[in-house]
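Here's the structure, in structure tokens; my notes come after.
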Amino acid sequence: MRALLQQLILGLLLGGLYGLAAAGLSLVFGVLKVLNVAHGELIMVGGYAAFWLFTLLGLDPFLALVLVIPLTAALGLGLYGSLFSFVVRFDEETRIKNSLLVGFGLALTLHALAVRVFTADERSVTTEYGGQTFALGGLVVPVGRLLSLGVALGLIGLTHLYLARARWGQAIRATAEDWEAALLQGIDVRRAYMAAFAIGTGLAGAAGSLVIVGYSISPAIGLEWTLKALIVVVLAGLGSLFGTFVGGLVLGIAEAASAMAFGGPYREVVGLLIFFCVLLARPQGLFGRS
Amino acid sequence: MLEVRDLHAAYGELRALSGVSLRVAPGEIVALVGSNGAGKTTLLRCIAGLVPARAGLVRWDGEDLAAVRAHRLVERGIAMVPEGRRLFGRMTVEENLRLGAFTPRARAEREATLGRIYETFPRLSERRRQFAGSLSGGEQQMVAIGRALMTRPRLLMLDEPSLGLAPRVVESIFRVFADINRGGVAIFLVEQNVRAALALAHRAYVLEHGRIVGEGRGADVLADPQVRQAYLGPLAIAR
Amino acid sequence: MRAPGGADLRWLIATMLALIALAPVPLVVRREDLLNLGVVFLLSVALAQSWNIIAGLAGQVNLGHAAFFGLGCLVTRSLWVTGTPIALAVAAGAAVATTAGVGVGLAAFRLRGAYFAMGTLALAEILRVTVGNVLPDISTLPATTIAAYRLTHRYYAALALAVLSVLVVAAVGASRLGLGMRAVREDEAAAEASGVGAFGLKLAAVALSTALAGLAGGVFAYYHISFYLQHPFSPAWTFDAVLITFIGGVGTLQGPVLGAAFYVLLKEYLAVRWVDVHLLIFGVLFMAIVIALPGGLSEAVQRVAGRLATSRRDAGARLTG
């Protein structure tokens, strides 16, 4: 029983990062109707950024967020301008399909770049507090991972606040709902797209930064995290960042439970199965509101 | 103020507008009537920059709008209430209205304008924190009109505002149009409810199959027997 | 692709000639590394063509293609090393792959566009993880088989498969089946509305596609002396097929062939010093093609040929005029 609870706690902590990873993807998908399947690679880039900031400057990964987020957001702007700005010229259905393809090429490119620049080895960051744990009623909770969960939740909260209150945050929401109506109110939809994409990428970078604290990264994690983010987005639907966060927690717990039930190697399978079943149950896609 | 000259537009092979010319002067109410598929919505969307023109000219205050991106029309004083309202359903009434004052010029007077809109549409004031998607058709139309007014336009374009609304609601909305106009805002009104539109308008155009087939003062067009037969049905003739 | 005529017929002839020209190679060339390169090229052509059928002709982007390649390989290998004649084993592998393909189609065709892509990827990954756990070992041929191993047999098997794949794509493209598939690709809703049985067509496409993929898997099993049984289930095989097809020209007959030639040669050229740079190049090329040159290398070749033709025509006019 205790072993199960222990695993569930760990799954919950990981799930928070799933939620953050998915939030960026969800935002981009919801606003631009673009499916950036290179999202996992962007998470990887964020992780490497944090790793090198730690290795070269001794910067704590949590503090490094202050640099990593703007850096990856800037990368996002660059990617939008050079790639996805062309994709958004199509109608919705073509757009999703083309963004899938472009994202695929981008993922491949980023992955190959990472392998060349960083080699294929796994990297992680061990801080002094990172290895520490504290006891919660007989269970062991790693401090670093708990902090990561908190930061993830905090970032989602900040993003939510921005979208709810800030002028451009509301403009982004309006664009997500009806971009033509947004145009008619004087909102530069192109700029809203750029902003949303940059924020989404920044969130991905943050997720990568947090992943490197309690876990590890390598160039290969891209596909894995893209799938995780996709699973959560499909599970939670679009529209609420907090809902996405909760979806991430659910996935984390589900994975932990299935690993206990069927063995470690099948951890991935439960998420993929959920994903496929939810997709089947909602063939109208993620925009259909039931 | 607004000048449309020899406008052509098409959807692929399908010609929607074949040489449309019209104008709207400051302070006027101009109506555009025509049956379904005549091209009325296309014309409005073309002016608003949502649909590219194949040929022809749209001029606002003498400036050719072809080079102006759609979202910049609001700064210049053109606002549109699109067909079907197109509200941001998952945002509240107040958020929808406030978003109308997105541009700097409108933002400067946002609170004052908002206050006036709540005076004009008291029902919206009651429902200000409700999600726009949960309102009735008539209330949504009020929000849409209010949202457009928040941009502080000099020209308000409306695409079928009476669509799906009960007659009493239509009446009250058209009274609001008259009020708005008295405040100095020109109105370009595309309507299928020919009687109400022509009763309100100073001038009117008739659009059929992408061409202007009639023009004149509102009352005159309303009295025209061909118009009456086409749009007001056999009963109208008997009157 | 239209019914053979004009440019497409020329491409068909060119492609077939190119492939047939590869037939006498083993008689002339003795170097094993070149023959291996040939096998890799021919297998790539076949796998890419198989993907081309469902994605290029029918417009259904299937990202789980490796699953069928893997199934064909797994079944063929298992039967073959336990004594079944290779031809029968390959056929059985293809049969299993096709059955699985039809099953996936029945399950997943409710999904449209990108959701179909994601759904098939998910299914393929589930299969890969399961196979990796249940059969984590390397499969090695028994000593007697290794002693009797003849590379030229593998070469001709791969060549036959490549030729078959090109012929299948040509035949489908020219048939009413292909016409229906293209209608579905352009606008599935409209096709349905006009009475085209979209579901049946998609099913036919996936059956042909996975059958060929299964055959390719079988040839892979025949070719390699030892490999991890989960290896052919890796999504890298799908991605290779996608890259090759798009770079060459998706939906065309010659696309997978052009793309495979480009891909294999570039990879070979870069292999020694610049490992993985070829993927970088292909990634960038792929994005450029999706955005700017959807017809891929085929389109590029045709444009150049067109410009040469016009310049020749102009020269001719100047001569006579």
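In this document, chain identifiers A, B and C correspond to the written order of the chains, with residue numbering beginning at 1 in each.
Criterion: contacts are C-beta pairs under 8 Å (C-beta built on N, C-alpha and C of every residue); 3 or more make two chains touch, one makes a residue touch a chain.
Owing to the predicted nature of the structure, the values given are computational and were not obtained by experimental measurement.
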item	value
Central chain (by mean CA position)	A
Chains linked by the largest number of contacting C-beta pairs	A-C
Remotest chain, subunit B as reference, centres from CA atoms	C
Intercentroid distance (Cα basis), subunit B paired with subunit A, Å	42
Rounded Å distance between subunit B and subunit C, as computed from the means of their C-alpha atoms	55
Gap in Å, rounded to a whole number, between the CA centres of subunit C and subunit A	33
Residues of subunit A engaged with two or more neighbouring chains	none
Residues of subunit C touching at least two other chains	none
Residues of subunit C touching subunit A in the complex	61, 107-108, 110-115, 117-119, 121-123, 125-126, 129-130, 132-133, 235, 239, 242-243, 246, 276-277, 279-280, 282-284, 286-287, 290-291
Interfacial residue positions of subunit A with respect to subunit C in the complex	35, 83, 86-87, 93, 96-102, 104-113, 115-116, 223, 227, 230, 263, 265-266, 268-269, 272-273, 275-276, 279-280, 283, 285
Subunit A to subunit B touching residues, read off their complex	167, 170-171, 173-174, 177-178, 180-189, 239
Residues of subunit B touching subunit A in the complex	48-50, 69-75, 79-80, 82, 86-91, 95, 98-100, 102-103, 106, 147-148, 151
